[in-house]
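Labels A, B, C and D are assigned to the chains in the order they are written; within every chain, residues are numbered from 1.
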Amino acid sequence: MRELGIGLIGTGFMGRAHALAFNNARAVFELPVTLKLAALADADTERAQRCATAWGFAQAHGDWQALIDDPKVDVVAITTPNHLHYPMAMAAIAAGKAVYCEKPLAVSLEQADAMRQAASAAGVVTRVGYNYQHNPMIALARQMIANGDLGEIISFQGEFSEDFMADPASPWSWRCEVEHAGGALADLGSHLLSMARYLVGDVVSVCADTQTVHAQRPAVKGSGNLKPIAVDDQVHALLRFANGARGTVSSSWLKHGYKNHLSFEISGTQGTLAFDQERLNELRVCRVGQDGFQRLLAGPALPGYAAFSPAAGHQLGYNELKTLEVQELIMALAGQGADGTDFEAAWEVERLATAIRVAAREERWVNVNLV
Amino acid sequence: MRELGIGLIGTGFMGRAHALAFNNARAVFELPVTLKLAALADADTERAQRCATAWGFAQAHGDWQALIDDPKVDVVAITTPNHLHYPMAMAAIAAGKAVYCEKPLAVSLEQADAMRQAASAAGVVTRVGYNYQHNPMIALARQMIANGDLGEIISFQGEFSEDFMADPASPWSWRCEVEHAGGALADLGSHLLSMARYLVGDVVSVCADTQTVHAQRPAVKGSGNLKPIAVDDQVHALLRFANGARGTVSSSWLKHGYKNHLSFEISGTQGTLAFDQERLNELRVCRVGQDGFQRLLAGPALPGYAAFSPAAGHQLGYNELKTLEVQELIMALAGQGADGTDFEAAWEVERLATAIRVAAREERWVNVNLV
Amino acid sequence: MRELGIGLIGTGFMGRAHALAFNNARAVFELPVTLKLAALADADTERAQRCATAWGFAQAHGDWQALIDDPKVDVVAITTPNHLHYPMAMAAIAAGKAVYCEKPLAVSLEQADAMRQAASAAGVVTRVGYNYQHNPMIALARQMIANGDLGEIISFQGEFSEDFMADPASPWSWRCEVEHAGGALADLGSHLLSMARYLVGDVVSVCADTQTVHAQRPAVKGSGNLKPIAVDDQVHALLRFANGARGTVSSSWLKHGYKNHLSFEISGTQGTLAFDQERLNELRVCRVGQDGFQRLLAGPALPGYAAFSPAAGHQLGYNELKTLEVQELIMALAGQGADGTDFEAAWEVERLATAIRVAAREERWVNVNLV
Amino acid sequence: MRELGIGLIGTGFMGRAHALAFNNARAVFELPVTLKLAALADADTERAQRCATAWGFAQAHGDWQALIDDPKVDVVAITTPNHLHYPMAMAAIAAGKAVYCEKPLAVSLEQADAMRQAASAAGVVTRVGYNYQHNPMIALARQMIANGDLGEIISFQGEFSEDFMADPASPWSWRCEVEHAGGALADLGSHLLSMARYLVGDVVSVCADTQTVHAQRPAVKGSGNLKPIAVDDQVHALLRFANGARGTVSSSWLKHGYKNHLSFEISGTQGTLAFDQERLNELRVCRVGQDGFQRLLAGPALPGYAAFSPAAGHQLGYNELKTLEVQELIMALAGQGADGTDFEAAWEVERLATAIRVAAREERWVNVNLV
């Protein structure tokens, strides 16, 4: 069986989530390749070493380029701050390596475009971490749509809201910088846009409204020194899909009461389905002829679930979505028909988000293909 | 105590709902006037007589103008098909009588404009049946907003969807005619627009998308004879409020699973509240400092509820919202500071709906005041 | 058409609820008889007169015996404090009149027994106000059970909890007196027992545990003078039904968070259904082959609903359950096969509650038939 | 740092869950010891080897006694069928090793008693896999109770129901044998009893009702050969706690619609809390002064959660409860004050379950201490 060497850049929360996911994917799936946790990189060499030991990586690097150059590394996983996605991914592509990059793909549409073109030219496998799509309930939703269970899809209404910036005293962070792909639309909304595309398909035009509610925030927690904020606190948009469906998306990081409210309803001529990431093991469905929503619970009949538990109701968690994402990556690397979000698809998400920003700024409908 | 003679036109479902509401308002509220059910009119004289007896009206008329002319009638309640609202209301206003008209106010913005101007010129009290606003939970929501419990309001996201036209075999009806104020926006969405205005205030501009999904429907149930349909099956819109809040509204009569899903979330800098008419006795609220939504149940501490029951949890129903609406009308007639939807406010709702239609047709943002 | 004269005793909350229900039953149902609101009695003559006028009763009595003796009264509706049910009902029966008595039937099993025997001997129609059973959703549940949709019924798990005595500073009231049928079991639990019997059938044996948590309460609100309390604050019991089903019932008036939590789950070999009075227009159902609960909303296809609204999702309220109860009473008086709770059935409820008390006191299983 | 060698017996679903949990505990927690996955045993040597490789164990044994004797093994984790818990645990204790045994502790109370006594005499650390207790939401519930947030606890109402035996055609399995600790009470109910004890404390007496609904099942799937079934399909019981609280527990494996409905409500004089394992990241709470339940979502402020994610709403899954269980075991082995379920506590659960069986069989209240 072929061996795949995994190189991971970054040791923060998301780095650890990747490490767990690679470890667990090995344990729970019968993969067509052998995974080797080849190398871990962090600018802090000591931390790199400590995490490598704790997470089971064979080697540590203090320099990410060294990791990319490491011949034992076949796949480069990037979990660093957003502005580093571009140089790292481009270097990995240049080295002919597969890339597994956290979202957002890049901090500008130009970067994203260059990345997808480079990946395409190099013929490397790429994936971007839109982890919520790897939920078995989402797989079920996609299957239902593909099977025509909902008939022709006519509406997608989605929202991704959280409350972590609701307090005006929440200080400035890189998330408040345009140059770091900050703002509610980029940070949260992009997950929703990716989900909309994954489930309903291409979006052809948009109209939108973005708003910065708190125009200043403390430079650091508790400080009286305020920094101006230019990114959006909330966004509302209208979407028209290529297949004729219409819809809305909303995103806010100011919304009290929500912690991870990535939610949507998809309405078709034959039924409706509804999902909320805050109850990620559930899907609410109403098919024609039923007379009310039914709650479906995740179980082993769904794609991916059985790897984690033989029993319905045993609930998957966020980290297991990440493990499912890694499995999909591995299947793609093994050439076994997969449907994850590659750089091409992630660029489409960025283009859509950019179209929303343009539409909001210019107060008009925008053709996504012309952005 | 002053006596008020009620004249009711129409004996359908809504006519009966009015009759019940007037009867019950008398029984449950200590009103500042004495209500007399003076007269009931229906073009079918025999039916008018039968319903008058059953519902407690003193007299029956086969001709609505006769009812309006009846000196014992002080208030004219109009529950006839939409296209008759205009002539009836104008005649009542001309006779100097108060008018209580079902929604929508009229079948065109021009009619609505003429009606509000005539009412204003005549100085008569007018009310329009946006009954959902008379829910004690809505009163609570409004109070919370007015008190600043949610801080500055920054978002309104609303939807009013049902499924009663979801079946493409559902036949044509007057609801499918533009001339009768048909379509999902007029039929359902106007309730939502009125609610948005009632709770968050004036809307200054809109952008929107409307769609006719089923372009033909059987002329009558089961018929192979298809009639073309021009009205919207679904609508999605962006709103900008005068106070700076932003939002979305959606409405569909094709949405499987929903029976009366008039729902919204209002987000402010200090909290969020959520409502769904399908659970009309509940309000979900999350105030700053709380860490999750709390479910509030209707109870006697709320305005209006105690008239129906001394016990929380005893649940009001649709007809009791109508009774509360009648109470508000009576208080207005008695000159006791009320805040219901008069012709002026209903015209604003019509203008807003019209702006949405223009925005959808012309694919641009529309200034509501310029419609 | 035959005329039925209604005589109502009592002008409190429940008296008014009866008055509304009789008035509305006339308006919304096509009844086989003509209802006349003949007389209203209250010990306070002036109040009797005022309420009679407001509620549409032809005459007022200051003395309940006079009302019973009134030849225009055919049905005596009793809404007075519990200890008066017995003398009033017995007098009405003696006068050969139908009786519509609020629950509980009486303040002792002996009284209840005498009442059902007297009614039976006199051949008068009797009804007891277990209003929650008249919900169309409960009719649906009953129909489903009768149709075998759930297969063989194997379990009933019910709870009726509220919070109105949760505060230990809530003062003593007649509800705290055994002699007035006080305590959580009598006040709340009896509704649940009646519901269990209505849906699943006779109970043959019980074991139970009752508890007085707050052994003293202020004599009046705010008073330092404490009165000892002997009635139960909470009760838990095991039930065995004649048909082999087993179950539990719990009731508490100390349970924070609940306002009207009359709830149950009925499990059968082919399905499960669940109900909660706090969402009285819903029934949750899972039939074999479905893989999760479905939420059904009340609509006009259900018995009784269409009288109030032609549209699903239009929600009934508590007072409309009362109106449905009155309709059932009228149908019974008209000899048209009805299934309400008569004195015989209400005595069965009292006997079951008594069996629970005996079981709790003697700490043993008790055969209900031997109580 | 001290090294702890883990020896795992069993390679089924639960064996793998343990392997994942040990691996993940190392990665997510800063443990006071170093974990070594020393050895894995399965009677099928080849399978043992394959799983050892996949899951990261250093060595494989075809014989469990060899694993216990392995000097590199400090902790013996037992995930084999229930009837093997006793000999394996006793052998491990005899070898002076810590034992981490899946629930139920044993297949008879006598065995359980011998096991807890042996463990106590040997002074070894023991733990039993009541994994649901390691949920951060349960930690929060326990904390709230300990802090007195709910006042004096007065009621525990619990249910653990699933549907996996609901189909009468579901065939016989070891779960249908008394000798293998089969039946709904042992299989599901014991989790609930352990939870009740964990949160509310000792139970002093019980009364109960158990029932075998399907007295025969196919010997194997699809077979016409039926085997008699003696274990309970459902159980209902009354509990009295040492602290004065009362309660009910129910368990069924026949209940359509439920997949993992380990649920309870705990009511105190100052508040109520409610939990359902089917939504394991939520706790519903109503404290005195609040007027309705609030939904709390798991987040990093809760004990244990932050190890898995820095963000509230990121949802834990079943396998992470297992990882938390392993952490607690490690902390106990490191002598750092832990509160997991040891053999003593697990024997208490078995005694309580036995008391319930006796109470059901003898139809009387049973003093748990006298069983």
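Everything below uses one rule, namely that a residue touches a chain if its C-beta (ideal position, glycine included) is under 8 Å from a C-beta of that chain, and two chains touch if they have at least 3 such contacts.
Owing to the predicted nature of the structure, the values given are computational and were not obtained by experimental measurement.
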{"item": "Chain separated most widely from chain B, comparing mean CA positions", "value": "D"}
{"item": "Identified repeat of the A-D interface (over half of residue pairs identical), from B-C, B-D or A-C", "value": "B-C"}
{"item": "Geometric centre distance via CA averages, chain C-chain A, whole Å", "value": "55"}
{"item": "Intercentroid distance (Cα basis), chain D paired with chain C, Å", "value": "42"}
{"item": "Whole-Å gap between the CA centroids of chain B and chain C", "value": "35"}
{"item": "Two or more partner chains touched - positions in chain D", "value": "258, 290, 292-293, 297, 299"}
{"item": "Residue numbers on chain D that touch chain A, as the complex places them", "value": "13, 16-17, 19-20, 23-24, 26-28, 54-56, 162, 164, 258-261, 277-281, 297, 299, 308-320"}
{"item": "Contacting residues of chain B [partner chain D, same complex]", "value": "290-297, 299"}
{"item": "Residues on chain D engaged by chain C in the complex (per definition of touch)", "value": "152, 154-155, 157, 159, 161, 166-168, 207-209, 211, 213, 233-234, 236-238, 240, 246-248, 250, 252, 254-258, 267-272, 284, 286-288, 290, 292-293, 363-365"}
